[in-house]
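Before anything else, here is the set of structures, which you'll find just below.
Below are two complexes that have chain A in common, paired first with chain B and then with chain C.
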Partner chain A sequence: MTQAIATQDPIITSDSATFTKLVSKEGGTEYDLLPINICEETFAPLEVAYDYDKIRHQVSRETIAAGPNSIWRYRPFLPVATDNVIDVGTGMTPLVKSTRLARRLGLKNLYIKNDAVNMPTLSFKDRVVSVALSRAREFGFSTVSCASTGNLANSTAAIAAHAGLECCVFIPSDLEAGKVLGTLIYNPTVMAVKGNYDQVNRLCSEVANTYGWGFVNINLRPYYSEGSKTLGFEVAEQLGWKLPDHIVAPIASGSLFTKIYKGFQEFVKVGLVQDKPVRCSGAQAEGCSPVAQAFKDGRDFIAPVKPNTIAKSIAIGNPADGVYALELAHKTGGNIESATDAEIIEGIKLLAETEGIFTETAGGTTIAVLKKLVEAGKIDPDETTVVYITGNGLKTQEAVQGYISEPLTIEAKLDSFERAWERAQTLERLDWQQVLV
Partner chain B sequence: MAVKVLVPTTLQKFTNNQAVIEATASNITELIEALEQDSPGIKGRICDESGKIRRFLNFYVNSEDIRFLENMDTPLSDGDEVSIVPAVAGG
Partner chain C sequence: MTQAIATQDPIITSDSATFTKLVSKEGGTEYDLLPINICEETFAPLEVAYDYDKIRHQVSRETIAAGPNSIWRYRPFLPVATDNVIDVGTGMTPLVKSTRLARRLGLKNLYIKNDAVNMPTLSFKDRVVSVALSRAREFGFSTVSCASTGNLANSTAAIAAHAGLECCVFIPSDLEAGKVLGTLIYNPTVMAVKGNYDQVNRLCSEVANTYGWGFVNINLRPYYSEGSKTLGFEVAEQLGWKLPDHIVAPIASGSLFTKIYKGFQEFVKVGLVQDKPVRCSGAQAEGCSPVAQAFKDGRDFIAPVKPNTIAKSIAIGNPADGVYALELAHKTGGNIESATDAEIIEGIKLLAETEGIFTETAGGTTIAVLKKLVEAGKIDPDETTVVYITGNGLKTQEAVQGYISEPLTIEAKLDSFERAWERAQTLERLDWQQVLV
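What follows is the complex of A and B.
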């Protein structure tokens, strides 16, 4: 069954809208603000362009601070034409000043941007999906869809449910159970595709060609990806309208990584923060590290790889924005490093034990890479460093099962407790001794 | 070798809006030439100035990315399905 692409009178733009056109990232060809995502000439991604003078007139620190406690406080920087946005409380997640992790790593000014508690589905994807579905509604789409490694499916299904949109999502069939359940509960149609994420994506591109659906990360992608800029905006605002010196973020497609920086640049452009250099460092799982490999080899192109890692949420073997992530790391004096599955699990545990934040494998990757960069002297201890935690560990419990301790089972008697407590203390002392030795 | 080619929307203007076309070729290089014969102008979109497939465009033979096979030399057999897919992103 094929549906009509849209819509009677889709809202392409409005008088107050600050976004003006789509522009090809290769060659600069301009396109109308339609549900399209690639340049017809070069197949490069399309990027939303804005009228920054108009934004400058619409925003100030005060108007933003008086706005909603969500990503929509930055609405003039986002590609939606009307006030009728889907606000499910996404964004404005905590920026935690780290003490214990910072001390462990030897850093003095480490902050953690904690999107493990982003609403409503506990990953940064709620930011991009809120923007994509708001725009989808303006285009008049009644069915929305996505190709997903899990987090995006959760988010698309949840926010579509809230907005009353039909939803069909495509996931690889080997996803973590928590992520599948966390999608099914919203009652979309879920297609579990026998293949990896790149194959799911390929199928979705073909479906998007045929069906008139709004695919958040395909034909809505130029709008969708702009939502990640809010991770830059919020950090700048939460640091007291200042930019950090260094950020460390995961790289999957490369979009989030580059959009955080775009967010910083836009704040500079409209005079909300003072310009200064921000180094951007990226993290990949070694079992799917095409961008880190290219960085290491000094290449300016990405050779696709077949993913083989526990970090499924960032396992994109053929990243569309990989070259831009690479360019950004080079341009800003950052680094791109990878972490093994074992290091990723250690990263998850380290963050949990020192900061009380339970992240998923992508966050474990980022923490592991942060640690590596510090150990290699690539992060100055005095720098204001922000590490981005983009998802919640409760969704990928399988990843750490077998690597954490077991509960001590005891009788409901005081002496049973005391014996077990004594044993636990002894074990802890032995741990200490091992560490000291 | 007669193969089935899945054409992305952006290239369908060259194929009379056909999403699936038949072509005869024994490898990807020949396939691109065959497509150009039937749909003049399409090669200039698929390949850059140096004749290589553009970096944002992926070719799959029976679901396998040709970069994991033999790139433009990847052989084709009767009944193979070749899909041409622009890179997409975000998971």
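What follows is the complex of A and C.
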């Protein structure tokens, strides 16, 4: 059996470390910096606390800009004690100023944060895993693991391979082919569990208690989830050290959504950006929308659902941070909306055709919800709005197959091309006529 | 019919522009900066010439480092006259210092330049297309096109969509599914030509002469190919403004290979790095290795071949810049080697398992050749060696299916997991025993 903790001091901290303890999100009970994630008293999630005075003395816009071209430029805000971090270039993905999608939607200041090209495995999960595995190494875990809807398994397997850690990942057995192969290629052990993500997650909690493994999103979750703050940091830096007016991001467990906002707040706290209101709006797939339902119903609790949607990467029926996501949307004057599978596919196509960004179903959900919110007058055309694209379309090719055009097959001869081109022009005109009717 | 050139001044230059003319690679005949690619006298390719004194006055390490986080930080070295460039965050991909692959191969200073996560479409082609379409827009082309083995079609379609240009791409009809879908999603016209790349390319030359389109790799080729220099620039900057001792890169048309070196030389010319020898070694798939064959045979000419390999993205039987690639390897003391399809698959797996980077068949070829060169003593363990990974494995999933392990399917119960885990451990031990026997 693998040993849980091989080091002398499982707390692992250093003089320059800025993170000080774990704190319960309900009641504030404090814990040592151990690989634990649940408050023993309230069963609430634990969160990392920092010494912001210490951070303020360590960072400035200049030190950050001179840092590595990755999430590790924000190192004082991340819960890793030693300098031995795993840096494979994760983060610093483009913030693209939209022209064509913005025009289509009638927005004047739309930006797309494109984590579909995040490194190394093309989703925002590379951020949280880079942090979690750096911390796992500090704890001395030699085997790392996760419960995943696909992207997290890709990322954990890849970064574990890079770092030379043993890896065993758990996924629902009905995942998209690209996500399964995109894990297996790194040669971890892959457990395909007959059941949905929530069942996989429950099984993993049991395994975490029995085996001494570092589960990135279970016993390492407090450290892991801090990685998502970098999606807030980067946007603020890329906007010229300013906060946006409005963000739209997907909600799965709710962690990403709330941590982006935590990132903004921390930048304010240490004086890197000016304080201002940021409205936070969330996107869910209608086939798994427990947070959007609660928002719609005006409830302050989440009723778990059984997922049934093509947006598998965000299909969490019992979201761990759902109630905090709900709170955040209310508190900031945002909204939480859902999109049907058909709208999700249209969202994927819309983003690809207007911006040249091919996202997976989660990104399609976010774009579809962005569109809905604009149409409902819930996003002001003048607001500086940032929409978060969190994963790559090459991993969920099944979702769009059958909904896009086919190539025109021709002979390698000019006249064959000319006939096909004429046909294509006619078809396009017919398409437009149908649209205009 | 689309107009070829809609602007008043088809030469398109500006006072600050650093590029001055097109020059024939054989004989040096000079041409105006038009959308042309072949010398009328010698039929040799045309290349962009620069005023390096002017560049020297425009750039320093500091101005570059303060520039955008993309290839456009090297703008004075790129043949685009106006400020209206297409910047979707292309370039500035990680240069990863290898530990685990390096150890496996017995190298001490191995770096991986990872364009498998290039933006927006996950191959180095985004570099050349960003330059070509920026220039195409200056020429006033409203329709852009290309002859492609897949990656170029992805990139042209995506960046054209972003820029709002009409797009029609040509591919061989037997491409990998991911490459076809990864083009169609942007909604261009796709012509699937019954034939290999060389036949597609010939057809496109005819179309380019007849229709007034901007073909990125035909009439725009002199501008397009300059984009590959950024793979030289970035490596030099990321090594701390130093040139490497040895590079290993794939050879398809030979353009990428030679332009990386041109990038190094230009940095020397303007005083950004110190001059030193850089050995340039090239990789081809054995099933399409006209340049490697010529190198092996000691010939100074390329005998075209009919491609037959899983490495479709580099399967060019009649490479336009093959002879220059050959020359460069000889001149710099490098080598050109080929890898079989089986070795290519092993190369993909080796890179994934040791570094967490999932590359396509072209990258597998490069890793396989790197390994061969090390084993043959043709790379010194102490040399600072950079291996170029040029595309993403999610686009060529077919190539590795059947060569990787399967997930272990289990029930969502602890005892089901435990049985599977024990089995996995036993299998792994057996694997090792087989290796040791």
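Of note:
Simple rule for what comes next: the second predicted complex is superposed on the first by the 426 of 437 C-alpha atoms of A that agree within 3 Å, B and C clash if a C-alpha of one lies under 4 Å from a C-alpha of the other, contacts with A are read in each partner's own complex, and residues count from 1 in each chain.
What we mean here is this: a contact is a pair of C-beta atoms (placed from the backbone, for glycine too) under 8 Å apart; a residue touches a chain by one contact, two chains touch by 3 or more.
Since the structure is predicted, the reported quantities are computational estimates derived from the model, not experimental observations.
Residue contacts after overlaying the shared chain place A:Glu206 against chain B and chain C alike.
Residue contacts after overlaying the shared chain place A:Ala424 against chain C, while chain B stays out of touching range. Counting the residues of chain A touched by each of chain B and chain C gives the higher count for C. Once the two complexes are laid over each other on the shared chain, residue contacts for A:Phe264 go to neither chain B nor chain C.
By the document's definition of touching, of the two partners only chain B reaches A:Ala44; chain C does not.
Touch criterion met: A:Asn217 reaches chain B, while chain C stays clear of it.
Once the two complexes are laid over each other on the shared chain, residue contacts for A:Thr149 go to chain B alone; chain C is not touched.
In the superposed model, A:Tyr388 makes contact with neither chain B nor chain C. In the superposition on chain A, A:Phe295 makes contact with neither chain B nor chain C.
Contacts of A:Ile314 after superposition on the shared chain: chain B is touched, whereas chain C is not. On chain A, the surface patch touched by chain B in one complex and by chain C in the other comprises residues 195, 199, 202, 206, 210. Considering their complex, residues 69-70, 88-89, 92-94, 96, 99-100, 114, 116-122, 157-164, 168, 171, 173, 177-178, 180-182, 184-187, 189-195, 199-200, 202-203, 206-207, 210, 348-349, 352-358, 392-395, 397, 400-401, 404-414, 417, 420-421, 424 of chain C touch chain A.
Listing the residues of chain B that touch chain A in their complex gives 6, 8-10, 19, 45, 54-58, 60, 63, 65, 67-68, 83, 85-91. Partner chain B is touched in their complex by these residues of chain A: 26, 37-38, 40-45, 128, 147-152, 195, 197-199, 201-202, 204-206, 209-210, 216-218, 221, 224-225, 252-255, 301, 303-304, 306, 313-316, 318-321, 323.
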